[in-house]
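Since the structure comes first, as C-alpha cells, the remarks are kept for the end.
Chain lettering (A, B and C) follows the sequence in which the chains are written, and residue indices restart at 1 in each chain.
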Amino acid sequence: MNMQPTESETVITEQETGTLPLLAVEDLQTYFFTDEGTVKAVDGASFEVLPGQTLGIVGESGCGKSITAKSILQIIDSPGQIVGGQVKLSLDGTESRNLLDMEPNGIEIRAIRGGEISMIFQEPMTSFSPVHTFGNQIVEAIRLHSSLDADEAHELAVDWMRRVGIPSPEQRMSEYAYQFSGGQRQRAMIAMALCTEPRILIADEPTTALDVTTQAQILDILQSLQKQNEMSILFITHDLGVIAEVADVVAVMYLGKVVEIGPVETIFASPKHPYTKALLSSMPTIDAAPRERMPSITGAIPHPQNRPSGCSFHPRCPSYMSDICGLKEPELMSVGTDQQASCFLYGRD
Amino acid sequence: MESNPVEQELAPEIEDIVEERISVASQRQLIWWRFRKHRVAVVATVIILLFYTTVLFADFLATSNPADSEAFRGLMPPQPVSLFDGWKPSPHVCAVSGARNLVTFQKEYVRDCDEKIQVRFFARGYDYKFLGIIPTDRHLIGMSDDTLRPEDYMYLLGTDKQGRDMYSRLLFGTRISLLIGLFGVVLSLVLGIVLGAISGFYGGLIDNVIQRIVEITRSIPSIPLYMGIAAAFPSDWSILKIYFAITIIISLFAWTDLARVVRGRFLTMRDEDFVTAAMLSGANQRRVIFRHMLPSFYSHIIAAATLALPLMIIAETTLSFLGLGMRPPAISWGTLLQDAQNIQTIALTPWLMIPALPVILVILALNFMGDGLRDAADPYSN
Amino acid sequence: MTEATNVETKKPLLEVKNLKKSFPIKRGFLQRTVGHVRAVDDVSFTINEGETLSLVGESGCGKTTTVRAIMRAVSPDEGEVLFRTSEEETVDLAELSLSQIRPLRRNIQMIFQDPFSSLNPRMNIFQLISEPLLVNGIGNHQEREDRVTELLRQVGLRPEYMQRFPHAFSGGQRQRIGIARALALNPRLIVADEPVSGLDVSVQAQVINLMMDLQDEFGLTYLFVSHDLSVVNQISDRVVVMYVGRVVEVGTPQELFRNPKHPYTSALISALPITDPTQRVERPVLEGEIANPANPPSGCYFHPRCPFATEQCKVEAPPLQMSSSGRLVSCHRVEELDLAGAGKLGAAAE
C-alpha cells in the first residue's frame, strides 16, 4: 500500500499587497480584575489567520490560549475585560471591521457569533442545553443566521448531521444531549457550528476530553469539512501531536504572550524560542527509545499573578542571559522565513 | 540525574507560588480570611454578638424590673432622652404626668419639660444579681439620685397595658428568644449530624428510608402542626417545662436541613481520592471518618447551624405570638408581640410593636452571617 | 534496569488471574437491578519484580477498575490476585476480608491521578506523608519526621515545606508529594493510576523522570495505568492493552508499536497523532464507537469495528493465548494478519 504524505499548505504571506488577512489579532490584552489583584491573562497576543488555513495555538495552562479565543468573540465574563488590542475581521480582503469595537452582546457581534465565526469547545456536554432537543438547538442556530423557514432549516440540519457522520440523523434530531455518546456529542457540536457555513471555526481543545480513536475520527471530520467549505480553523490545544497533524501555522503561547509563530514544519524542525525547543523535546513520543529520560523544563509555570519581570520565561530558561532577560520584555522579531520569536538571543533592541 | 528538578535550582522569583503566610495557613485560617472579606457578613456577625451580650447582661442593661407593674402608668408613650439642656450637655428625660380624660376615659400623658430627670450611667435601680452571682443594684443607665422623686420614672420605650417598662421587657425577651434558638440548634445539630452521617456513609436502603423521612417531615406545614402539638400541652405546666417542650418540638422539625448537608458532604467525600488514599494507607474506618473526613465538615456544619437558628427563633416567636408557646408571665419576643395584635395598638399605641424590630434584625443578620460562613467554608472556591 | 528478554527469569510479584468485576445498574424507586456494567471481564496478567507493567486502553476498558480491584478498594467478583509478600508467601488478595487485608496494605501503595483531590486539604504535608507511618505504628515522632524529610528530598522538594498545606503547591509538586506518600512504607508494588494525565506537558516529563529514577535507585515495581501511549512507551517494560474489560494484547512497547498483533492495538497506534508535520499520511480511521461495557457485542467485543472480522469473531470470544511469535494476543486471526508498521490497518495476508 502506498503511503504518500499529503503536502500541507503553508500559506502565510502569499498575498498580494493590499489583501487583508481574514482575521488579524493585534496586541490583544485581556485582564482579569480580581480581589487578589489583576491577572494579565492575555498580554499582547498577535497573529493572523488566512482563508482556508489552520492556525494552531499551542501552550500549557495559564498561557491564555482559551481566553484569547473567547476574546475574539467577546465572550469573556467578568471579572475579565478586554483592555486593549484589535481583532480585525476582513471577509473580502479589502475592508475590515474591528470586532472589539462592537458593543459586547450587541446585534453586530451576535450576528458574527455563529455566523461568520463559530466556536466549538472542549466539553460538549455543557455546550448543549439539557432541556432542549438537539434538533431544536441546531435549527435555532440555522434560523438565527439565515432566512430559511422551519422545514428548510430542519432539512439542512439533518444533512449536516449526516455529513459529520452521526448515524440515523433524522432520529437523533429529537433526542437530547445526554443520549449521545462523547464522540457523537462532539460531532453534533461540529454540525451545529458549521451549519451556518462560517468563514472561521474556533476550536478550543475540541479533542482533549476524547479517547485517541475518537480524536482521530473528529480530526478527520474537521479536516474534510474544512476542505469542502474552504474554512479557516483556529485550533487551540496543548497537544503538540495534534498540532503537527492539523495546523498550517503554529503560534506558541506562554503566560499570555505569543512567544513564537511560524509555519508548522519550520516550528517543529527548527524551533527558535527556548520555550518551544524545550516543549518539543520534553514530549514523550512513541518513537523514543524506552526508558529514555526526556529533558524537562525546570520549575513550574508561574501563576499569572506572579509573572516574572522582563521575559516571563527567564527563570526557567536554559539560555538565560543575566544582563537583559530579567529586565526587558522581548518583542516578536523575525528569526527566519515567515518565522518570528520573542527572544533576545536573536537580537536586542 | 540528568534533569533533576530539585527546588534548590529555582530562581527566587518562582520559589513560592503563594506567599509564605498563606502556604502555612491551615484551612481554618483560610476560611477566616475569606470570611473577613465578606463585609456584610462581618457586620452581621458583630450585630449578632451584640445581641448575645444582652443575653448575658440583660439585668445590667435594664432600667426597671420587667415585672413591676403600675396600672396608672399603663400605655405611656416612649420618653426620648434629650442630650442637651439648652447649651449644657446634660442627658435627661422630661417628667410626665398623666391624667384620665373624663370624656373619653382614655389616659392622656403630658410631658412637662420643666421638670427634668437627669439620666446617668451606672445609676442605681432595682436589685438583681449580676451574672447570677454578684448582688448589686447598679445598672448601665438609670435616673440620677439627685432629682429623684417617687413619682418620677424613665421609660425609654414606653410602657405596656399594665404599666411595665417596654425597654426592660424587651431586653429580657431577647434573652429568652435567643436562648431557645440556641438550645434548639444544638439539639437539631445532634439529630441532623447523626442521621445525616448514617445516611451518607452507608447509603442504600438506610439512606433511602432516612431521606424519605426527611422529605415527609419537611412537607408537613409547620404552623398547624405546632398548633396541634402545643395545644396538647397541659395548661398547668410550668414555664420552664413549656420552654423545653417547645425547644424539643421545634428541633424535631429543624434537623432536616442539617441532615441533608451532612449527608451530601459524606457522599461526595466518600469518593474523594484522599479518602481512598487514607484507606489504602491502612487506616481503619473510624480513623478515616474522624481524622480524614470529619474535619472537612466543621465549617459546613457551623454554616448550616447558623442558618438553622433563624428558623428556631421564628418558630418560637410565632408560637408565642399565637398564644401557643410561651405564655405570660414569661417574656419572649412572641409574648411581647401578643399585645400588638389589635388595631388599638397600631392606631394608638404603636410603640408596642417595637419588639418586631429585633426579630427582623436578628433574622437578617443571622442569614447574612450564615451565608458568609457557607461561602467561606468551601475549600475549592478559589 | 530490567530487560524484556529477562522477564521470564524474574519471579512474579503479582499474578492476576481471570479477574472479573461488574457493577449493577439500578433503576427506579426500588433500585431494581436492570443490567450489569462488565467493567473487568476476565483479565489476567503478571508483574515481575522490578519491572514496570502498564495497562493501556481507552475509556471503558476497565483499567482503573482493575487496579482498584487489585487494591481491594472494590471487591472482585471472581478471579485471583496472587501477591508475593515480603515473607515470600503468596496470598490471594481477592479472597481475604478487609480486616485481613489491612496489615498487607503496606506492600502495595497507590499514586492517584488528580493532584488536587488526592491530598487532604486540611492536613499539612508532614501529616499527609507520615499518615501511612502513623497508622502502621512505625517509629516515634522524631523518626517519622526524619523519614518525611528523607522522602521529600528524594522526590525533589525542600523539607522545610513540611508545614505547608497542599493549596500552596503546584500540580507537579503535589504529584511529587503523592509519590513521597506512596514511598513512605517501602511498598513492594506501587500502582500509579494516570499519575501524569492531569499535569502540563513540561511537568509530565519531570514526574516521569522522577519515577524512573526512583525505580532505578530503589528497585521499585510499578503497575502503571494510562491512556497515553507515548508516556507508556517511555516508562514501561511491558504493556497490557485492554478493550472493554478484556485484555487484547501483551508485549513490550517495541513489539507493540512496531509489530502489533491485534487489530485494536494497530488501530490505537494508527490513531495517534504523529508529532512530525512532514509525515502527514492519509490513514484509515477506525470507525464506530467504543463498545458499551453494559451491553457489549457478542463474541469478540471488537468485531463490529474490526476490518478483519469473520463469522467466528461474531460468535466466539477469542481466548488470550500465546501466538507463534511468542506474544499473548486475544484474536482468532492472529496467525494470519500482518499489521506491522504504524499507520496501517493493514491488509490481511490471506
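Assume a contact is a pair of C-beta atoms (placed from the backbone, for glycine too) under 8 Å apart; a residue touches a chain by one contact, two chains touch by 3 or more.
Every value quoted in this text rests on a predicted model; they were computed, and no experiment measured them.
**Q** Which interface, named by its two chains, has the most contact pairs?
**A** A-C
**Q** With chain centres defined as mean CA positions, report which chain is farthest from chain C.
**A** Chain B.
**Q** Which integer distance in Å separates the CA centroid of chain B from that of chain C?
**A** Whole-Å distance between the two chain centres: 55.
**Q** Measuring centre to centre with CA averages, how many angstrom lie between chain A and chain C?
**A** 32
**Q** Spell out, as numbers or ranges, the residues of chain A touching 2 or more other chains.
**A** Expected reply: 293, 295-296, 300.
**Q** Counting only residues that touch at least 2 other chains, which ones in chain C make the list?
**A** Chain C, residues with two or more chain partners: 170, 205-206, 209.
**Q** Do you know which chain B residues sit against two or more other chains?
**A** Those would be 2-3, 5, 17-18.
**Q** Could you pull out which chain A residues touch chain C in their complex?
**A** Of all residues in chain A, those touching chain C are 1, 3-6, 8, 60-61, 181-184, 211-217, 219-220, 238-242, 244-245, 247, 264-265, 268-269, 278-280, 282-286, 288, 290-297, 300-301.
**Q** For a test of understanding, state which residues of chain C touch chain A in their complex under the given definition.
**A** 1, 58-59, 170-173, 200-206, 208-209, 212, 227-231, 233-237, 252-254, 257, 267-283, 285-287, 289-290, 342-344, 346-347
**Q** Enumerate the contact residues on chain C facing chain B in the complex.
**A** Its residues touching chain B are 31, 71, 73, 102-103, 105-106, 108-110, 112-114, 116-124, 131-132, 135-136, 156-158, 163-165, 167-170, 178, 181, 185, 205-206, 209-210, 213.
**Q** Show which residues of chain B lie in contact with chain C when the two form their complex.
**A** Where chain B meets chain C, its residues are 1-8, 16-18, 22-27, 30, 208, 272-274, 276-284, 287, 292, 295-296, 379-380, 382.
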